[in-house]
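Have a look at these structures, which come just after this line.
In the two complexes that follow, subunit A is the common piece, with subunit B as its partner first and subunit C second.
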Partner chain A sequence: MSNFEPKLVCFSCRFGWGFLGNEAELSSQIKNWIPIICSGKLDTAHIVDAFKHGADGVLVLGCPEGECHYQDGNYEAKKRIYLLHKVLASYGIEPDRVRIEMSLDPEGKSIPKLVKTMSDTIKQLGPVKKA
Partner chain B sequence: MWQSKSTGGAHVEEAIKQLLPPCQIKCPINEDIQRTNVLISLLPRDIESAKQGIMQIGDYLYEKNPFFNICGYICGLCELECNYKTKGGAIRRRLLKRFLSDHYTDSLSKKEESTVVKDKENVAIMGGGPAGLMCAYILSRMGYRPTIFESSNRLGGALWLIPEYRLPQSVLNTTVENLVRIAGIDVKYGAKIGQDKLTFERLRIDGYKAIFVAKGTPYPRVLTFGKDTVPGQDLSGVMYGQTFLYEVSHGNIEANYFQNKRVIVIGGGNVAFDVARTARRLGGEVTLVALESEDKTSRDGIPADEDEIRGAWEEGIKIIHSRGVQKITGERGRFKGISSPKCTSVFNEEGFNPKFDLDDCIDLTGDVLIITVGQTPDRVFLQKENLLDERGRLAVDPFTLQSLRNSSVFIGGDVRRIGFMVEAMREGIEAAESIHRYLRGLNMREGRKRDYEKFDIPERYEYKSPTDVAWIPPEKRLHFQMFERGLSLQEAIEEAKRCVTCGPCVSCKACISIGFEKSLYAVEVDESRCSGCGTCVYACNYDSAHLVERDGKILSSTDMFRCKSCGMCVAACPSDARKMVDDNTYERIDKVFASLD
Partner chain C sequence: MVTKPKVAIAWLGSCGGCDEAVVDLNEAILDVTNAVDVIFWPVALDFKYKHIEAVNDGDIVLSIINGHVRNSEQEEVAKLLRQKSKLVLAFGACACFGGTPGMANFRTKEDIFNWVYRDSPTVVNPKGNYPQVKTVVEGKELTLPEFYEQVFALNQVIDVDYYLPGCPPPPNLIANAVTAVLEGKLPPKGSTLAPHKALCDSCKRNKTKPNKIAIKDIKRIHEIEASPDTCFLAQGVLCMGIGTRDGCGAVCIETNIPCRGCFGPVEGVADAGAKFIPALASMLDVQSDSEMKEAADSIDDLAGYLYRFSLPSSMLQKKRT
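Showing the complex of A and B:
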């Protein structure tokens, strides 16, 4: 089990994360990174699909509360993930595998670190147990 | 890196009806306020890296408003309608623009001259103020050859009457000088149309096909009481506010000119306050007497801006409300004082018609009286050139600004109606459009009426309070340097972030210029399929589909400024060359997911 390298998908809001950094350079550091225009654009189906395709975890990076460019997209994302946690448990997927971070980093330098920290947590959990 | 492309910007389309953020509707020239706010909020956090972004935002604003860096000091009309006003305070848009101005103005001298070929008619423009300059700017970009006839020796008109502590002369100078250079506008200084041989007839003979009269209001209004002029305005020590500000701006009045003098200023408008605060800075002990009451909300309330009143009050200017001037007294030809009766009402249903209580009358004594009760246009000239109607008013169509007496003459700016700088600029733009239509033989009215509807404020969980406007304390600001501190980069970013972008998605398109989105749902033309038939041009409701010539082939193209992605052209295209393109988020998601398998 120690060789297990978790596959993590990272969605990040463009208004809060990495818009001042070099996207190509960040992409090379962050595997499976998908910048989206707003975390609120992320549908729960996208997260579930990620697991279907074999992801071991999903990290969503949204703006700090009250700072969403589209009023409350980050709030919507947070709400969806809260509800998704309940559903995932019934599929045997631990809620820890989906996380939303509501903060800000225009340079995007902290994204690889956040991905690493989450990967470490998932390493402990091991791969998703397929029913 | 912060990169903004100038594509995908959002000029206000001349649609029949359109939803917009209220600030943009309030702005007489409909500036893309929301877009700039979003772009400022996304600037890099250190000033060196932010510079490039500021330049790009500035260049974009300049295209439409070559005065934007002046607006940043003195306008701020948009703030009056900001939806955030009800949630703690309007977005400080004026200061945001001043922030851009602080970093942009110096680069104006490096801006390249316009390359537009000027092969259309000559147009004479009387007056080099905001209306005249704006008109000339727009006309020159359309390929006309405008010539400004400026009666004084410098451009800027009434902007020169704004005291330096509010608008630095260097900013004004740089702006107007570069404007005429960049747009390639001819200027004739000291050219007084209406005097000597320089008549409309002469201009016509010289080949000017249209004339825009934007002479402003060069004369002060004299003080009246009832129907009569108040005698004594010729006493030594009595002057008019406008003349006074003019002399100050020309550097003809030395520092401490009013040292140990008691100065009485008559008037309640912004200009009167400019006069009072200028006199205070020249060492005078200033009392301002206004006809209007203290209560700004009432019909008879003082018209000056709250900031002006507060500034004056802080600087130790005594303000006397609700009093007029019945008599000016003098002694041996010198001004001595005024008798000032109580004003019981300023306006009635018909308009300005002040009523006084003569039993309640006070005497004020002073050394200097500065009358600032308004300005008037050069009526003798207007009469001579036959621009007035039987009742002595300007005979002009308020919609097209075309003279009703002379179809090749257009009239706008303060001369038509006194207003803010940006209102004069708007008249300049309208006049340019009218002159263009007139000279091209187009319909003067069709498609010009604009009707916008405003967006309400979006719901937020919390609202932030505005950045403090920092004024130098009153005891330290009695000089002619700027008394208001500009925003730092950090403050500007935070303030711009407060903007809740009330407008609709397509009113801004900032996301595209910064590269967040490749496109809004837009229309694309497949050039290999396009036969150049032009069906789309007829189908488009927004004048966004055009035919262009490329490599000898006629092709259709879409003007992204105007396109509303309604899809009419897609449906109409007989060769399936037009299609709607979506954003690429989902493709990107699919690609990443596929790599997981």
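Showing the complex of A and C:
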């Protein structure tokens, strides 16, 4: 599967990621980038929906622990993703295909790199198996 | 002679509980049979498929179909009834969402066959025989319906007009549904003939639900002596009532058993399990990653718990292999 190019969706919190950067420029570098207001806004149904529509992986960028604008939205996201990993495993979807990074990058320059790293991990896994 | 409206009641992949629920209308069933002509009801009356085939298309006013679709016979009956009926009502959790048997979608057909016909400790099958769609015995061909790769909800096989969930649906909602059809007072096509809100909305225990549910240690119902009046979530027992459609009459709650979700998700929710995860996560009162993992790992078979009745109609439908 050497030509396999994973389809990745990246959700990032606007409070922690890329809010000082040039959004249009970042968008051109990051395919399927969806900035949201707080990673805690991300419903697990959105992640499942991404897989339904053919995603091979989902990267969630939340704020560092203890630094959520809404108190603990980022930690809620972390808990959700931990629970979701178990459910995805039952569907035959490897937990490594969903990852949350809790950090900060106002310029957003590290986002393309993080997407690339995750993409490389998913290349090793190959495409999501067929239903 | 005035012709009464024709009604068919069919069971596909079903345990019979839904048919029992129709019988549970008790004397009200006499009013129903006075008002309609039941032309097909395999569990109660000796009609054959050929009797349905002989009916003109659209002559059946209402087909009440319970059970999921897992084999070619079930699909054939569903399609035949659709062709002959003006209205189709998906009756019960299996027809509406795939139901409990739908959890088989977490296994492959191969896994199921190997367990049932080879590996199960009670199986003696030295010749390694597996059911075949066609077998020739003494020059004669015997046939069986084809067992599909997955369980389907009814609307994944035919067009469905209305939905009445539940395992099984309660008599009052059945009577309402049949009356609505007979009187022509039906909501828009595609509606579920049950309330839109969550079970918590009508649950008597709701007044004991704390503002912030904080569960440190998840308990299963048999592990505690549950109070008969207190919200299950306040007692650390997972109850699906917060995300499950109301209308069942809280019969499980009344017998001190938490809701398992047989009425399916509330109006507008496509995937009961995925939507329940954020609610569950927010209830876990944990202060560290290790506590989070301990609490989450204490739930046996989380996916089975979340999709107990709705796996085939969930967004991902089945296991990838």
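Definition applied: the second predicted complex is superposed on the first by the 131 of 131 C-alpha atoms of A that agree within 3 Å, B and C clash if a C-alpha of one lies under 4 Å from a C-alpha of the other, contacts with A are read in each partner's own complex, and residues count from 1 in each chain.
By definition in this document, a contact is a pair of C-beta atoms (placed from the backbone, for glycine too) under 8 Å apart; a residue touches a chain by one contact, two chains touch by 3 or more.
Remember, predicted model here, so these are calculated numbers, not experimental data.
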Original post:
Looking at the combined model built on subunit A, do subunit B and subunit C fit side by side or clash?
Top reply: fit
**OP:** Classify the contacts of A:34 with the two partner chains as first (subunit B alone), second (subunit C alone), both, or neither.
**Re:** first
Original post:
In the superposed arrangement, which partner chain does A:9 touch: subunit B (first), subunit C (second), both, or neither?
Top reply: first
**OP:** Return, as a multiple of 10 degrees, the angle whose vertex is the Cα centre of subunit A and whose sides reach the Cα centres of subunit B and subunit C.
**Re:** 110
**OP:** Examine A:109 and indicate which partner it touches, taking first as subunit B and second as subunit C; both and neither are also allowed.
**Re:** neither
Original post:
If you stack the two complexes on chain A, which partner ends up touching A:91: first (subunit B), second (subunit C), both, or neither?
Top reply: second
Original post:
Should A:49 be classified as contacting the first partner (subunit B), the second (subunit C), both, or neither?
Top reply: both
**OP:** Determine the nearest approach in Å between the Cα atoms of subunit B and those of subunit C after overlaying the two structures.
**Re:** 7
**OP:** Share the list of subunit A residues that count as touching for subunit B in one structure and for subunit C in the other.
**Re:** 49
Subject >> Contacting residues of subunit B [partner subunit A, same complex] >> reply: 1-2, 38, 42, 44-45, 49, 458-462, 497, 500-501, 511, 514, 516-517, 583, 585, 588-589, 592-597
**OP:** Enumerate the contact residues on subunit A facing subunit C in the complex.
**Re:** 43-45, 47-49, 51-52, 76, 78-80, 82-84, 86-87, 89-93, 128-131
**OP:** Please give the residue numbers of subunit A that touch subunit B in the complex, ascending.
**Re:** 7, 9, 14-15, 19-20, 22, 32-34, 36-37, 41, 46, 49-50, 53-55, 65-67, 69, 71-72, 75, 106
Subject >> subunit C residues touching subunit A - in the complex, by the definition given at the top >> reply: 106, 269-271, 273-275, 277-278, 280-282, 284, 286, 289, 292-293, 296, 302-304, 306, 314-321
